[in-house]
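In structure tokens below, several structures.
Heads up, the next two complexes both have subunit A, just with different partners, subunit B and then subunit C.
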Partner chain A sequence: MKELSLNILDIAKNSVKAGATLIEIIIEDAGNRRTLTIKDNGCGMDEEFLSVVTDPFTTTRTTRSVGMGLPLLKLAAEQTGGSLGITSSTGADHGTTVTATFFTDHLDCVPLGDYAGTMSTLVQGSPDIDFDFIYRTDSGLKYLSTAEMREILGDVPLDTPDVLLWIEDSLNAPPEEES
Partner chain B sequence: MKTLAELQAIREKMKDSVIMRSGSGNVRAVVGMATCGIAAGARPVLSALVEEVNTLGISDKVTVTQTGCIGICRYEPVVEVFEADKEKVTYVKMTPEKARRVAEEHLKNGKVVEEYTIGAVEK
Partner chain C sequence: MTASEVASLLSLKSICVPAPEREVLGGYTGDLLSWVMGRAKPDDAWITIMSNQNIAAVAMLTDVSMVILAENVAPDAGVAELCEAKSINLFSSELPAYELCVKLEKLI
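Here is the complex of A and B:
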């Protein structure tokens, strides 16, 4: 993947497929350390599947028996000296959390890329799911909450072209300063 | 950040137009968005399609949706066009530019862009 935002799009699609109704995507940059968290309330994975899920020959897809999503994210993190962690539960508090850490000053760290495009693509593909997006850096905060948008938009669906544009413009604008 | 007031304005603007729920069009353009498609550049292809369908004013008859792996990863990004009573058309190795042309010529005017189809590329 050329940008981390494409990994995010790819991994968040797993959450969509797991039947999540809320997907939280959090990026935190502190110094040279970037932490990415993708948390969903989907069906979760049992321990057996969880133990093999970063193996490229593990997948839920039916077109072939290779799944590269999580292995590619793991590679992207580890090649900067970072790591990938996954926790998951199929119980009452079902859901999955994927956490990846990166060292952004490492030569092999891929750029974050077009996260605004990733968010509008996710909303376009799943307008009835709620997404919370937070991007926190030393210079401020960007965030998007589809639940909040829904309150204002009423009956207007989130995949309306004007709304998708608003999402991109909103995330591409300079960050809010944190008080 | 863009203000929430602008969202309110979008709602006001939409009030007078008939809201089209996705899936209501006769023509469906489906973009493969699994790992293979995303890595090959499907995200900008999808954005270009959504934007062009809106610009051409054909969103009442054309729905743009996403799907998983179509099974022909080496041809990604792939766009499939479904139309009632017609055979499915599979466009392969798409780019945003090709997507805009497909929107204009095929989705709007009903003429298949043969040179981008899997049949033409496989020759």
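Here is the complex of A and C:
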């Protein structure tokens, strides 16, 4: 992927497919280290599937025998000197957490890209799922919570064009300074 | 022209050649696997410097007829076995990707 945002889109779609009702996407930039966390409360994976999930010949799709979302995210992280970790549970607290670390000063580190577009695409595709998005950098914080939006918007569906535009605009606005 | 004929004319080193009679109708070069996935065509010879197991997946998805690792790149451990199992022809060359493309263009 030329942009990390496209990887995020891919991984978050796995969460949607796993039946998640809440997907948290957290990006934290501290110095030259970028940590991406995608956490869902979907059905989770058993240990056997978890052990092969970054193998490109594993997938939940039926149309082909290889799934490339996690293998490509792993590659993107490792080619900067970073790594990928996955934890998952199918028990009472079911869900999956994918964590990828990147070193942003490595030449092979892809840019973050259009994360605002990615978030708007995700909400448009799954307006009934809740998304928490946090992007924290040394200069401040960007934050989106569809649960909070729902409280304010009442019956207005989140995939209304004006709402999607607002999501993009608010994420593209300068970060809030953290107190 | 078949994959094994291309290999012989370009003096490629064979890593695994489970389907030597695959026709080569074109070529593609690129290392960003997600990009190659959407652009390499069936029956292309794909020239790359990537060496991990994801190249086998991309070769399968795009149905290229051969993968050529440029600049003496060696496949990671297990990749040759994987290619053999998935019927993917894998070669290497000491030439850079650009020179391989130029030579391939003259063959097909």
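Just so we're on the same page, the second predicted complex is superposed on the first by the 179 of 179 C-alpha atoms of A that agree within 3 Å, B and C clash if a C-alpha of one lies under 4 Å from a C-alpha of the other, contacts with A are read in each partner's own complex, and residues count from 1 in each chain.
Everything below uses one rule, namely that contacts are C-beta pairs under 8 Å (C-beta built on N, C-alpha and C of every residue); 3 or more make two chains touch, one makes a residue touch a chain.
In this text the structure is predicted, and so the values were computed from the model without any measurement.
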Open item on the list: Using the superposition on subunit A, tell me whether subunit B and subunit C clash or fit.
Closed with: fit
Task: Partner chain(s) touched by A:Phe57 [first = subunit B, second = subunit C, both, neither] - done: second
Open item on the list: With both structures fitted on chain A, tell me whether subunit B or subunit C touches more of subunit A's residues.
Closed with: B
Open item on the list: Is A:Asp159 touching anything from subunit B or subunit C once the two structures are fitted on A? First, second, both or neither.
Closed with: first
- [ ] Quick one: classify A:Cys43 as touching subunit B (first), subunit C (second), both or neither.
- [x] neither
Open item on the list: Output check: A:Ile134 vs subunit B and subunit C. Expected answer is one of first, second, both, neither. What do you get?
Closed with: neither
- [ ] Look at A:Leu9 in the shared chain and tell me whether it touches subunit B only, subunit C only, both, or neither; answer first, second, both or neither.
- [x] first
Open item on the list: A:Thr121 in the overlay: touching subunit B, subunit C, both, or neither? Say first, second, both or neither.
Closed with: first
- [ ] Take the Cα centre of subunit A as the vertex and report the angle out to the centres of subunit B and subunit C, nearest 10 degrees.
- [x] 80
Task: Which superposed partner A:Met1 touches (first subunit B, second subunit C, both, neither) - done: both
Open item on the list: Looking at A:Leu72 after the superposition, I want to know if it touches subunit B, subunit C, both of them or none. Which is it: first, second, both, neither?
Closed with: both
Open item on the list: Please give the nearest C-alpha separation between subunit B and subunit C in the three-chain superposition, to the whole Å.
Closed with: 5
TODO: Show which residues of subunit A both subunit B and subunit C reach, each in its own complex.
DONE: 1-2, 6, 64, 68, 72
Open item on the list: Using the touch definition from the top, list the residues of subunit C that touch subunit A in their complex.
Closed with: 32-35, 37, 52-54, 56-58, 60-61, 86
Task: Contacting residues of subunit A [partner subunit C, same complex] - done: 1-2, 6, 55-57, 64-66, 68, 71-72, 75
Open item on the list: For a test of understanding, state which residues of subunit B touch subunit A in their complex under the given definition.
Closed with: 1-2, 4, 6-8, 10-11, 13-14, 19, 21-22, 33-36, 38-39, 43-44, 46-47, 50-51, 54, 59, 64-66, 68-71
Open item on the list: List the residues on subunit A that touch subunit B in their complex, please.
Closed with: 1-2, 6, 9-10, 13, 17, 61, 63-64, 67-69, 72, 114, 117-118, 120-121, 124-125, 127, 142, 148-149, 152-157, 159-164, 166, 169-170, 173-176
